[in-house]
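Paired with chain B in one complex and with chain C in the other, chain A is shared by the two complexes that follow.
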Partner chain A sequence: MQADRLRQSGKRILQIFLQGGVSQLESWDPKPGTRYGGPFRAIPTSVPGMHISELLPHTARRMHHLSIVRSINSKINDHRQGMLYMERGRPAGDFPYLGSVASKYLAGPEATLPGYIHITTRGLNDQTAAFLGAQHAELTLRGVQPPDNLQLPGQLDPELDAQRESLRRQFDEPFARRRSNAELANYDAAFKQAELLMARKKIFAGEASPRDLERYGTHDFAKYCLLARTLLENGATCVKVTHHGYDSHAENFNFHLEQLEEFDKPFSMLLDDLHDRGMLDSTLVLICSEFGRTPKINTKYGRDHWGTAWSTVLGGCGVQPGAIIGATNAEGTEVADREVDSGHLFHTYLRAVGLDTYAEHDLPGRSIPIGDPAAEEIGELLS
Partner chain B sequence: MNPAETKTEPVAASVDPVHTHVVAEYKHQRPLTTLACDPAGRLLAAGAEDLNVQLWDLQSDRQRTLEGHDSWVRSVRFSADGSRLYTACWGGVLKAWDLTADQPQVLYSVQAHQGSARWVGVSPDGRWLVTCGNDLLVKIWDAGDGSLRQVFAGHARHVYGAQFHPTAPLLVSQDLVGGVKLWNYLTGQPEHTFVADMMTGYDKKFAADMGGSRDLQFDPDGTAWASAGITKLTNGFAGDQDPLIVLFDWQTCKPLRRFHAAKNFKGIAWGVRFHRSGFVIGAGAHKNGKGALWFYNRQQDEPFHTVATPRAARGLDLIGEDRFAVAHADGTASVYQMTEPEAEPQTEPQTETEG
Partner chain C sequence: MRVDHTLWTLLAVSLMTALCGSLAAAPPLHQQIDALIEAQEGYVPDAAAQTDDAAFLRRVYLDLGGCLPSGEALHEFLGDTTENKRAQVIDRLLASEQHATRMQYVLDELLMERRADKHVPAVDWQTYLRQSVLDNKPWNVLVREILSADGSEPKTRPAAKFLLDRDLRREDVTRDLGRIFLGRDLQCAQCHDHPTVDDYLQRHYFGLTAFLSRSYLFKDPKSGKTSIGEKAEGDVEFTSVFTSETDATPPRMLDLPPLDDPSPAEELYKTKPAKDARAIPTYSRRLRLAEAMIDDANGAFRRNIANRLWALMMGRGLVEPLDMMHPQNPPTHPEVLDLLAEALLDNDYDLRYLLRELALTRTYQRSSQASEGSPADTASYSVARLKPLSAEQLAIAMMQATGVVDPTAPLDEAAQKSVATFAKMFGSAGQSTRFDAAAEQVLFLRNSPLIQSWLKTEDGLVADLNALKDLKDLKDLKDLETPELAETFYLRVYSRLPLPEESRRIAEYLNAASDRRLAIEQLTWASLVSSEFRFNH
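Then we have the complex of A and B:
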């Protein structure tokens, strides 16, 4: 079973999701001076010959840790469907999210935190685990607020709580023998997740240090990045951080100025810290979105949804650093070289952490390939 | 802060906004972003969604292109004698152009701001320039050689507009979240700070601020200034907010008027000018791509006259007393006249003949 082998590897995933559809032209694939290039300039990065938008000066100095894929054609312009394609690696169907797959195969029974933790302030409570079971579902943290009820009720001490839990199990076991295992597993998973979080409640205690706040910033996204660092340091397997505010049908340039300025520094500090702690070799770092934005600029200075030719960034965990995969044409209106879709990315992400995506899920009696059989990994990114 | 004592000639009685109509159009292949006219009414300059400035001669219709910026030009101003053009771009660069040559040349080019330079303005005596930008600074430059003279720090968010008072040694600046500062450029100190909170909003859904002064102008007599922008933000990412032009009293800094558009007009007010006869002209862009020109008096917040335009309006400037020009999002610079259209010369009806 590849799960047993992978759990020994200690690989983990940091996923930064720029919700709304970040503009590739204002980030990873700038086209200054062209018809649809917008007002911003391109700046050199720490990789010779690689330029990104001037809105990302801190990230630019760290691109030697990262690679850009500039040739995504996901053919989807709808927020939810685009997000689902990125997360599931398949354009349709009820499949588990990337983080739930990571939870199943990278986090073992001995994991001390839930396998898939999502830091966000908005969004639906998706059924991210699909058929993998509730123990691999996303645990949503509402920003840096600790989950509710981490403390035992006042009248309970740990010994009494353990007795209570034992009693629950005694009642559950005969009940479970006569009913659906899946439903009861979900029920039991909720207790186990709560137990893990209560045992590690100190993670959520205390304030960020002045030094960290100075480096990362004091706004919400900076604090989410600091929490992500803490979680990864404490054994989390997949941490997703969502940064909202890229759906700029109007005022695209002013809003990208604001949002990417907020993203750039804390993300760069988090990357530095993973590197400095020796964690980058074992942490896959992704910056993704549900789609890009139209090259054409509308009369509101906005860009609309665009799944036809956009970009994403990844690095760490053995991903070849400093590479540019694929290209768009001169005006950014279509993919000109090495077209890929979200299925290719899904394979690439999971193969980077060591999972054989052509294998089937560990599900007794079912035959479901982990990755979309119609896609494959971007081999040149994987060493 | 004494208002200017001005001696002015009477405005021609024939000027009446209700007669506003297009008398000329100048086309560029890219959407225009901003516009200015020289005080003598001879030249019109416009920035666009490209790296150049377009310069039109209003008498001959000759078009020249000024090349040299490496990002979109977002603010243009002429010197009082029309011999120079000052331009500021998203890349933070300020340039001065010599317009006396057949092909205008760059006199100087300075990196005025880190991040966008959102504004360039000229002092009443023509000696100084003011710029502001995303580095949160307001700066004064020697217009002659582009040397930096003063830096004003204190805004906490991107500074959108800054303008000299017509007579007092003061300038006003406004930032993204409505922060307004009055700076004394003799002492180098801020004299007054307040928040124009009606001109900014926080989009909770997308977690971002929107606001800023998209145009900022003093009444020539110095008693008031007007700032154009937005209000009532509901979904800035979709363009759902109302345009607003606020008239501020110079003595008290209190809003005298909140000029607004029709109730169903969602968009941004991009331009404002004071006409010498007392009315105020505004220009704006609707989220649907169309635009409007609004005419206000000082007695009410509603426009006394509105001209709908088929294209979004992004900049506005007066040409003398009876005309003004508007930068449109389809690349057209339109010249509007505020007097009655000249009667069409009567011609004999043409008869088609079979040949």
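Then we have the complex of A and C:
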């Protein structure tokens, strides 16, 4: 099984989700001086010839770790559907999210943290695991708040806790006989996850150091990035951090100025820290969104939803660094070269961490390929 | 045996068809349902036995009463030799106060999807829902009230919560009308005809919007209360983002004919729009919405609620997800859905009638445990499905088992607070049959002071069990009369008698314990969080 082999490899994923749809023109595919280019300049990066928006000065100096895909046409302009396509790598259907797939195949049974942890301010609890089972579902952390109820009740010590847990299993075992067990397995998996979290509660206890806060910043997203670092250092397999607020139907430029300033520095610091700790070779870093934004600027100085020609960034874990894949035309209104969609990205992400995406999910009696058979990886990015 | 069964089923189905339309009494609905379920390909006769009496009683108490049967109710039921005692208990439950509370929670979750309070206080709304259930208000009447109340009259203001608390935001209300009352999520059709669902069209979405596009929130400058005003003019235009074609639509209910405004009256308004006055038009499109929604011609309205009640009782909708009814996503059992929907029409949208008939089916009363050697296949309804307890069922059942509350009396303030805590922790946003257990829920069950406090309740289950030894004149813990303890424990937690090996295990465990009270607490906690308790089975 490829899972057994992969679990030895210690590969992990850091996924930054810019929620609402980040504008490619104000980030990875600037078109200054053109009809729809907007007011911001493009600046050179640490990769000769590669320019990105001036709103990302810190990231620009680290682009030699990263690559840009500038030719996504996902054809979806709806937030939820766009997000689902990005996460599942398929335009429709009930498939597991990237993080749940990573949890299933990269996190071993001896993992010391839940395999897929999502740090976010808001959002519903999504069914991210689909048929992979609840132990691979996203564990949602509301910001840097530790989960409630991590502490055993006063009168119980670990020994008594283990005793009552064993009693619970004694009650459950006969009940599960000859009953359909998907729900029962889900329920049981949640007990295992809770146990992992209780055992690792110290992770949530410490305050960020003044030095880190100075480097990363003190706003929420900065703190989420610091928590993501701690989790990755402590054995988490996939950590997703959501940065909210890119849905700029009005005042696109002011919004992106603020949003990307908030994003730029902590993301860059996190990248540095992963690099300095020698983790970047084994950590896939990806920055994604549900779609981009229209080149056309509307009457409220906004840009609207745009799945037709947008960009994303990835790096680490052996991904070819400093590359630019594909291109849009001069005004950014369509893909001019090397068109890809979210299905290609999904294959690329998972192949970067060593998964054979053409293989089928490890499910007895079912035949479901891991990646969309209608798409393939972006081979140029993988060595 | 199998042949006989199939023959019988076919006979029943053909008889039913033959009798349809004639005046001869058709078999009762529950028999018709069973015949259809058991005639469908994939159904495996005898894959599961019917529930025994204890299992049936627990199941039906939870589903219809939202709580567990008391020990006395169980004893009485087990000793009852009347042939139709199951029907009797179903009728008693449906007429009970607990049923009103249970359905109040169900309807609240369905209609408000656990939103935070906005304009109408939750307590007024819940009282309104509860009273509606006690009156057995037909579903069409309830929905008409909910969609036509404008919030200006104290008496009907609670019913306006559906519209008011959504701030009458067009996108939200249109989408929720589609999802909650018509079983179809038209969201994608807001920007274009649905890309993958042929049946979800932009004109469906905007036809619904047009009923409400003239309505607006009006805040009374004196009382500060928000209610709904309506203008007499204005139309809805829409443009496809794909084709850029623009179209306009008057109000219309899905594919039913558009409802054009009547030719303008002399006076457009009963009350003209003004800064300090709520506009009331002579002709109200919003009031037409309520009528168009519940009109007999609108089949989607009754199919939706039929599917939702089926899901409530059986653990899964005939169409899943519950809000994706369209031709590309057909029901698993189309004839059953047709039958239920038409039965609602014939019985004036009487929800209590439908719940009763569903509870009477063999399908409902089948065991969730497969027979030896049979697969636990729930998709064909050969074996009953496990249903996770709702947040409210779970809270009340736990408090009842631990002796914190008696659900036949109204819940006191502390108990209501606990129910609210559970709703926040375990509640899903809207009716859903999916079960997903989150780590934070389990952390709550393991470590929250609330659950711990229930184990310590004076005169509660743990105390009662602990006191049992005093009834015996014991020289030694080893002589403990554990069958009595085990029986009390199983009856109060699981509503059944323990099997001999279960009694024995409890005896062994308690006899080995040095701190008996603590051991009973541990045992009780483990049973409360066990799957047998977490699921209605």
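Quick note on the criterion: the second predicted complex is superposed on the first by the 383 of 383 C-alpha atoms of A that agree within 3 Å, B and C clash if a C-alpha of one lies under 4 Å from a C-alpha of the other, contacts with A are read in each partner's own complex, and residues count from 1 in each chain.
As a working rule, a contact is a pair of C-beta atoms (placed from the backbone, for glycine too) under 8 Å apart; a residue touches a chain by one contact, two chains touch by 3 or more.
Keep in mind it's a predicted model, so treat the numbers as computed, not measured.
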Superposition on chain A - do chain B and chain C clash or fit: fit
Which of chain B and chain C A:R41 touches, first, second, both or neither: first
Which of chain B and chain C A:N298 touches, first, second, both or neither: first
First, second, both or neither for A:P147, with chain B first and chain C second: second
Partner chain in contact with A:Y358 - chain B first, chain C second, else both or neither: neither
Partner chain in contact with A:G20 - chain B first, chain C second, else both or neither: first
Partner chain(s) touched by A:F175 [first = chain B, second = chain C, both, neither]: second
Which of chain B and chain C A:L257 touches, first, second, both or neither: first
Touched partner set for A:D247, first chain B, second chain C, both or neither: first
Chain A residues touched - chain C or chain B, whichever exceeds: C
Minimum Cα separation, chain C to chain B, after superposition on A (Å): 9
Set intersection of chain A contacts, chain C complex versus chain B complex: none
Contacting residues of chain C [partner chain A, same complex]: 187-188, 191, 196, 241, 368-372, 374, 376-378, 383, 385-386, 388, 429, 434-444, 446-449, 452, 505, 509, 518, 522-523, 525-527, 529-532, 534-535, 537
Contact footprint of chain C on chain A as seen in their complex: 77-78, 81, 92, 114, 124-125, 127, 134, 137, 139-140, 147-153, 155, 160-161, 163-165, 167-168, 170-172, 175-181, 183-184, 186-191, 193-194, 197-198
Interfacial residue positions of chain A with respect to chain B in the complex: 20, 32-33, 35, 38-41, 54, 121-122, 220, 244-245, 247-251, 253-255, 257-259, 297-300, 302
For the chain B and chain A complex, residues of the former touching the latter: 30-31, 49-51, 70-72, 74, 89-91, 115-116, 134, 158, 203, 205-210, 212, 236-239, 267, 285, 287, 289, 311-312, 329
